[in-house]
Structures are given as structure tokens and as C-alpha cells.
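First chain A sits with chain B, and in the next complex the same chain sits with chain C.
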Partner chain A sequence: MPRSAQDWLDLIRALPLEGRRVRVMNVCGGHERSIAQAGLRGALPSSIELIPGPGCPVCVCPEEDVYEAIQLALRENVLLTAFGDMLRVPVNAPKGEPRSLEQAKARGADIRPIASPMEAAALARANPQRTVVFFAAGFETTMAPVAAMVLEAPPPNLLLLLSGRLTWPAVAMLLNSDRPGFDALVAPGHVATVMGANEWRFIVEDHGLPAAVAGFSPQSLLAALYSVLRQLLERHPFLDNCYPELVTPAGNATARRLLDQAFTVDEANWRGVGVIPASGFTLRPHLAAHDARLRYPSPADAQRKRAGQMPPGCDCAQVVLGRIYPDECRLYGRACRPDAPIGPCMVSDEGACRIWWASGVRTPRAA
Partner chain B sequence: MNDPRSPILSGVVSLAHGNGGRHMRALIDAVFARHLANPLLDTTLDAAPLPAMEGEILFTTDGYTVQPLEFPGGTIGSLAVHGTVNDLAVSGATPLYLSLGALIEEGLELSQLERIVASCARAAAECGVRIVAGDTKVLRRGEGGGLYLTTSGIGVRSRSAALGMQHIRPGDAVLVSGPVGDHGTAVMLAREQFGLRGELHSDSASVLPLTRALLEFSGLRFMRDPTRGGLATVCHEISVATGLGMHLQQAAIPVRDPVQSVCDMLGYDPYYLACEGRVVAVIAEDQADAALAAWQALPQGSEAARIGQVAADIRHVVLHTPLGGSRILEELEDDPLPRIC
Partner chain C sequence: MCLGIPMEILDINGYIARCGARGVEREVNLFLLQETPLKPGDHVIVHVGYALQKISPEEARSAWELFDQMLDAPGHA
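Moving on, here comes the complex of A and B:
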């Protein structure tokens, strides 16, 4: 008889956690959304802190990549397409220049939001005389279908501006830092569906921390929480899989093969975080004809102020690393709101600030 | 394709159908007048004379731009009738007359236009309203989304039906007449943008039987059909207008499984998705159970539920989750976009 969300909650409440402070990090915007939507923080014992970590691909997409996308979109004959939540990400553009793809669109750039990589290929096919640039940002889950699309011989006028990232290296970076900031990890269900649960064994084997892969229902998330809490109390960490319906130890073999055929894995910049080794996807040489970066050399401008940085006053980098909660940012709910976002975490539905805002947290935390 | 009735009416709508001449006359006669015929509709008049009406007269108008024009459970035509009828119905009125304005984009298939006007006529007949005035314009190709409709409506209510947010009191009960988010989700699926398919139908329908059933209750304070912005937006508007808060019980709010699944996949919140055949009602606590029973006795209200309570102890709309957590349902920020992963 499978346990219900309420059963798992009762089990968690019965654990001897008094006087302890347990920080459990999640690294998936979908998890953070489910936690916020189910009101889990309020339902759990106060000794348990749920910390949103680096789980938002839009938030960590380098500022210079978004700037580059804007510059490409403004070119004559270019049709730029991107996932919807990239459109409003702000960059540090000089006065008078568009600061987001949305602003570039308002100035006449042809920018089309899409929901699936296949739509990018369809757009290129439907517009053969134009150069269609697909600004592809995302984690492994998104990059697998991007790989499938680019390996299926898309039309020659389709170029990729790739900003794909792997999730686990960011967690490894945190754990290797002097301030990991968490005692246990809830591993991302979607990413593990593609890459396999085993990718997260290093949490246990190299760092001795409890870990559990979770799905997106309150039931699965609470099961994973119960698992890591028990692992912690019994001092017996292991990698648990609380999403066995979809997640296998080795993941989706086809998706992994496609990723490997299309991309190499290299060091990559994460917005506000810095360069992380072996954390970004790059198109393999046999797909170079579809590489927007090779066709159009980067518009890198040494003069541009704050290139690559977060906007002034914005604490998104701290939020992404789980070092502060969204409402501890000085701008949260004051200068930075979804209708006029300053940092990327307030833009995407995967961003912790946006999720907290959407779930009703409308004022900054009292200092 | 060819229409045997007239060569003018074969194929697609052209600019000539809006030129005021022979083609336009043919379009109006063969499509609009033929389907919408009723004793008060005279397409040769500039204005329709209406019989004298008893009671307070209510007047409303709304524009309709849905894509696709036809979707499971309705068309832009039935939507344009139900939407305006429902605005009158939730105000406590009996809808009587509608006008219909059609902005047609050059290139729209005439057969599709005819299907839409026919569904308009069917909806009007079901609601007991007559379309008594109309207008058509043809937009150049690329200037419109196929077809835009505007309906204005006139209804009457007895002067005793004093409904409005100003009557809402702390402790009042909040009812919803059926599952929320069906229309928004059905239309999303019909766009086939996400490669999702489902058996879901729009709830587009007249809410007149539902509103009539509640008008009997002296404790009825306020009704609204949760269209754009959904249930959460109606509750938020009530909260802002009254300065009172609202406690909603998530477990009590009916949401169909396919709606919840689509929302889970795309990152939408079902409480913000449009309904086109539901009513949210606020009613005195001591009459809530009887009102709910009255709704549940109707086919349109069989899944009605009591979902929450107006409260003076808070100033927000708070959703209590089955696990004992809670979150605030705030104003919708912008158009929801599907998320990346």
C-alpha cells in the first residue's frame, strides 16, 4: 500500500528532530514550485529548512549569452527563437539599447517564443530565406531534445546559440566550497530521468551526505525528505530513489546517447556563479555548420559596463547558490518584481524569486 | 470548395464581402440572417426597436478573440453568446437581446464562418436570447486572427436583486459551481502547441440556470463567472474590493485530472485558468448548504462545491493545502508562459 503525502508528513513529524537544524537543498525549479504550491514549508517541523539551490537554467544562463542573443536578433534577416521565459531576462546594456529580448522584439526584432526544440526546426523550414537562430538554454532535460533535433538534419539555415548546462557540477562546486550550505540533497527528478540516479552518488560517496531523487508530487517530495532525514539521523547516507516510476540508475540510454553524439562537455560560465569545470554543453565539430557562435563572432564588447555580471544590488547569485532565501534580497518585492524584474531569478517560472512571489510572498523579509 | 447556393459564397471571405455591395449583402443574408433569424432581427434596419421591458435594464459588452476559433466544447461563436449572457446572468439579470459584431479576416473559410455563426445561433436559442442587431467588417489579410466577435447584451432584473461585493460580510461562504480550468486547458490543448492531446472539453455554457437557482436565496451577496484570470482572480478582486480576506480549502476546489496534469506539465496554476461556464458565489453562511444543494441538483452544478469562507482576520486570499500548509493566491502577474524544463 503506497503511502500518501499525509502519511509521509506524519512520519517526518514523528522523527526526533528537536533542537536540530537540518538544511535540505533542492536543485530543480520544478521541485521548488511543488514545495511552494503545496505549502510544504509551513507544514513541516520548523527544524527543517528547505533551500532552493541552483535549479533554474534561465537564472544561470550567462548574461553575455543573453546579450549575444539580443544582438543576433537585431541583425537584418535573423529570426531568433527561444523558450518563453528567456525573453524577459534583463542584461546590462548601455543606455538606449534593448535590455532584454522582449525589448528587442518591441523594437522590431523578429523573436518567437517556442515550447519545443522541434518548433525551431519547423520555423527554419518555413522561413528558408532567413537565418533562424535558436537560443537554446536549459539543463540536461532540455538539452536531450535539442540534441535529438540537431542530429535529425535540420535545415542549413538553423543555427544554435547554445547555453546548455549540467546540473550536478554546480552541486559539486558547492560541496567543494568552504560553505556548501546544506546537510542533505533532494536530487532533481527530471534530470535523473535522463541522466540516471547514479549521477548523484558522489553526494554520498565523496561527501557523505544523504541524498534522494524525488518526483514532483508532494507525496514523492515528502518521501524523499523523510528518506534524507532518516539517513541523517541514522548516520547512514545512501542514494535513495523516491521517483522509481521514471528514474532508473543509468537513466535514459537513448537520450544520453543523443547528448553524447551532439555535444561535448566543457567548462562553462554560470551567471553570478562563475566558471564551473565540465558543466556546459558545446556543439561537436561535425555540427559546426549549425553553430551560431562560429557564424557570427561574439559581439563581446570590452567597453560594456558590468558585462557578465548581475545588475547592481541584485542578489540572484546568492539565491542561486542557496546562500540566502529570495525574500532576503534587498531588491525583492521592492525594486524587483515580476512586472519589472531586475534579476533573472524573478523572471522564470523556474526562478526561486518568481516562485516565491507567485506563491504569495510579496514583501522582503524583515532584517 | 463550392457552395451551391451562390458563387459569391464559395471558398473564402474576400475584401469584397465587406464592400457594402452585393457580396456583402449575400454574406449577411446567407450566413448571418439565415442562422440567426428571429422576429426581431431585420437586417435592413439601422437600429432595432425593442419592446418595452419591465424591471431594471442591464447592458453589457465584451469582445472575443480566442484561438483556435473552434475547440472541443465550443467555438468563438458560442463563446461570444455565453460570455455576454453570463455577464448578465451573474448580475442577477435575465438576458433578452444581443448584438453581434463580426470582424472577419480576409481568407477565412466561408464554411468555417458558417459553422461558427450556426453555433452562435444554437447558443442563443439555448439561452433564450435573440440577436437583434449586427455588423460585419472584413479586415485585410494579416490584420486579424481569422475572426473577432463582439457581443453586447441587454437583460432585465427585478429591483430586489441587490447583488454586489459591497454586500459581502466576514463569515460568508464561497461556492463554485463546478471544476475550474476546463476552458483554458481545452483551448490550450486545441492549439496543439505543446504536442499534448486530451479528451478535455471547454465548459463554455450559459450559467443562467445556476444563477437563477441562487437568486431565490435572500443571503446571496455576489456572483461572478471566473473567465480570464480564473477562480483566483475573482477571489482576489473580492478581497481587494472588500478589504476582507478569504480562506480557500484546496482539497474542496474541484479540478479535473487532465487539467491538473496539463498544469503540472507546463507549470500553470489551474486556479488562474479561464472557465466559461462556471459561477463563483458568495452567500451567507447559514444558507450555503441549501444553495449548494440547489446547485448540485442541476446538471450544470452536479460537481459544485463549497470551497472557502470570507474572513476578517486576513487581507489576502489564502489557499490551505491538504497537508496543512498554505499559500497566498495573488493577482496574476502576466500571461503565463510555459516553462523550460
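Moving on, here comes the complex of A and C:
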């Protein structure tokens, strides 16, 4: 009989933590949503902190890329398509210019939200006389389908503006910094489904920290939490797999091969974070005909005020790095709310601020 | 964005499968599972229209129960 969430909670409460502060980071919007909706933080001993880290691909998509997408969408004959989350992400555009894809759409740009890369190819097929630009942000889970689509011979009028990122390099960057901010990691279940659990071995082998891959049920998350807490107490870190029904050590070999056939991995910019080595996907030369960046050189951006930065007053960069909780942002629940979001973490369904708001946290934390 | 949804394969035509879940039908691309033997009645985890991994019917059921809880949760955006 599998253990219930209550069983796992009882096991965790029985651990001899004696008020020892333990910070456990997750790097997946889906994990954070389950934690927030199930109210796990309130059910755990108060010495255990669950910290949402860099788990939102929309939030870390470079501001420059969103600005570039807006400029492309405003071109004659371009039809721009993107996952729906991207449309409301704000950029720091000069006064009078559209500050999101949604605003560009309101000014007549042809922008279509989609839910699958297959729809981007279908749009290109249905509009052969137009250039269709697919602005694709996402982590490995999403970029594997993007790779599949671009390798399945899409029409020549389909271009990709890629903002895909690998998840683990941001965690490595945190661990190599002087302020990692966590003592154990819950690794993302669907990223690991594609890439394999082994991608997270470096947490244990290079940094000596406990790690466990988790699924999305409270049971799986609590099992992973129990695992990393025991690893800490026993001073025996290892990579545990608490999502074995989907995750294998090496992942989906086909998906990994297709990712490698479609993309190289290069240093890449993360919004609010900066450049991280070997963390972003670029189309390989044999797919150059589908690369929007080669067809349309990036707009001259050096003079634009606050290019690359988060909006003024927005603490999304700190939220993304797990250095503050969403409700510790200066704007949370005041100027920044889901109906009028200021930062990307309040825009995206994967953003920690949006998730906290949806789970009922409506007021900023008292200082 | 990285969440996958379990679906049952209803029929397969090349790399495209018609899949169903709770009465909803969708076209699902099987390109990422081209080396995995699949047939109608099998279950897969689907993310942005692509099947990522085959799962057992029991796992599909428990994943759907989780999904229902999340959709029923108050304040779901």
C-alpha cells in the first residue's frame, strides 16, 4: 500500500530535526503549485523552509528576447506565435512603444497564442505567403517537443526565435556562488523524465548536498522531502528518485538525441540573473534556414533604457533565485497583481508570485 | 509549463495519435517516443502536444486524480 501524504507528514514530523533550519529548493513551477495548493508549508515543522527557485522559463526569458519578439511581430508580413504565457510579459520599452506582445497585438500586430509547437508548424503551412515566427521559451521538457517539430521538416516560412534554457545550470550557478541559499534540492520530475535523473547527480557529487527527483502529487513531493531530510540527518547524500513511474536514470533517449540533433548548448542570458555558461539552446547550422535571429538581426538595443532588466521596483530577479519569497517583493499584492502584473513572476502560470497569489497569499509579508 | 497530462491512445497514424482523457480528444505527436512500441489502449504523458513517456494505466489514473485536485483547488487561475 503506497504511503499517503499524511503518512509522509508523520514520518517527517518524527525526524529528529530539533529545530534545525533546513532550506529545500525546488526548481519547477509545477512543484511550487502543488506545494502551495496543498498547503504543505503550513503542514510542515516551521524549521523546514520550502524555497521556490529558478523554475519558471517565462520569468528568466531575456527581456531583450521579448523586446525582439515584439519588434518582429510589428514587421509587415510577420505572424508571430508563442506560448500564451509570453504575451503579457512586460519589457522596458520607450514611452509610446508597446511594452508586451499583448500590447503589440492590440496595435494590429498578428500574434497568435498557441499551446503546442505543432500549431506553429500548422500556422506556417496555412499561411505560406507569410513569415511565421515561433517565439519559443521553455526548459528541456518543452524544448524536446520544439526539437521534434523543427526536425520533422516544418515549412520553410517557419522561423524560430529560441529562448530555451536548461534547468540545471542555474542551480549549478547558485551552488557555485557565495550564497547558494539552500541545503537540499527537490529536482524537477518532468525535466528528469526527458533528461534523466542523472542530470542532477552533480548536486550530490560536486556539492555534497542531498537531492531527490519528485513528481507532482503531494505524496511524491513529501517522499522527496523526507528523503533529503534523512540524507541530511544521516550525512549520506545521494540522488534519490521519488518519481520512478516516469523517471529513469538516463531519461527519454530519443528525446535527448533529438535535442542534440536540433540544438547546440551555449552560454545564455537569464533575465535578472545574467549570463550562465552552457545553459541555452541554439539551432544547429543545418537548421539555420529556420533561425529568426539569422534572418532578422536583433534590433539595436544598446541605447534602450533598462534593456535586459526587470521592470522598475520589481524584485523578480531575487524571487527567481530563491533569495526572497514572492510576498517579500516590494510590489507584491500592491502594484503587482495577476490582473495588472508588473514582473514576469506574476505573469506566468509557472511564476512563483502568480502561484502564491492563486493559492491565496494576497498581502505582502510584514517587514 | 513543464506539467504533463496523462492520456490514452485511441488510434495511431504515423507519428500522430488521437488521444483521449476524460472525454476530451486531442492529436498528440509521438515523435519523441518513436523507439517505444505503442498501441491503442496505451497511456502516455503529454506535454505541449507531444508524448514524453509511456506510463501504466494505474499511473495514468493516479495522475488524473492529482490533476482533478489541482483543478478543483480554490483560486486556480
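What we mean here is this: the second predicted complex is superposed on the first by the 367 of 367 C-alpha atoms of A that agree within 3 Å, B and C clash if a C-alpha of one lies under 4 Å from a C-alpha of the other, contacts with A are read in each partner's own complex, and residues count from 1 in each chain.
We adopt the following convention: a contact is a pair of C-beta atoms (placed from the backbone, for glycine too) under 8 Å apart; a residue touches a chain by one contact, two chains touch by 3 or more.
Please read all numbers here as calculations on a predicted model, not as lab measurements.
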Aligned on chain A, chain B and chain C: do they clash or fit?
-> clash
Identify the partner contact of A:41: answer first if only chain B is touched, second if only chain C is, both if each is, neither if none is.
-> first
Given the touch rule stated above, what does A:187 touch, chain B (first), chain C (second), both, or neither?
-> neither
For A:24, decide between first (touching chain B), second (touching chain C), both and neither.
-> neither
Given the touch rule stated above, what does A:246 touch, chain B (first), chain C (second), both, or neither?
-> second
After superposition on the shared chain, which partner residues are touched by A:74: those of chain B (first), chain C (second), both, or neither?
-> neither
Mind working out whether A:232 is in touch with chain B, chain C, both or neither, as first, second, both or neither?
-> neither
After superposition on the shared chain, which partner residues are touched by A:113: those of chain B (first), chain C (second), both, or neither?
-> first
What is the contact status of A:255 with respect to chain B (first) and chain C (second): first, second, both, or neither?
-> second
Is A:150 contacted by the first partner chain B, the second partner chain C, both or neither?
-> neither
Contact residues of chain A, present in both the chain B and the chain C interface | 28-30, 33, 37, 57-58, 83, 85, 115-116, 118, 138-139, 141-142, 190, 216, 338, 348-350, 357-360
Tell me, which parts of chain C touch chain A in their complex?
-> 1-4, 15, 27, 29, 31-36, 45, 47-50, 52-53, 55-56, 59, 62-63, 66, 69-70, 73-77
In the complex, the residues of chain A that touch chain C are 28-30, 33-34, 37, 56-58, 83, 85, 115-119, 138-139, 141-142, 144-145, 148-149, 151-152, 188, 190-191, 193-194, 216-217, 245-246, 252-255, 258, 338, 348-350, 354, 357-360
Can you list the residues on chain B that touch chain A in the complex?
-> 193-195, 264, 267, 269, 316, 318-330, 333-334, 336-341
Write out the stretch or stretches of chain A touching chain B in their complex.
-> 5-6, 9, 28-30, 33, 36-43, 57-58, 83-87, 113, 115-116, 118, 137-139, 141-142, 190, 216, 218, 222, 338-339, 348-350, 357-362
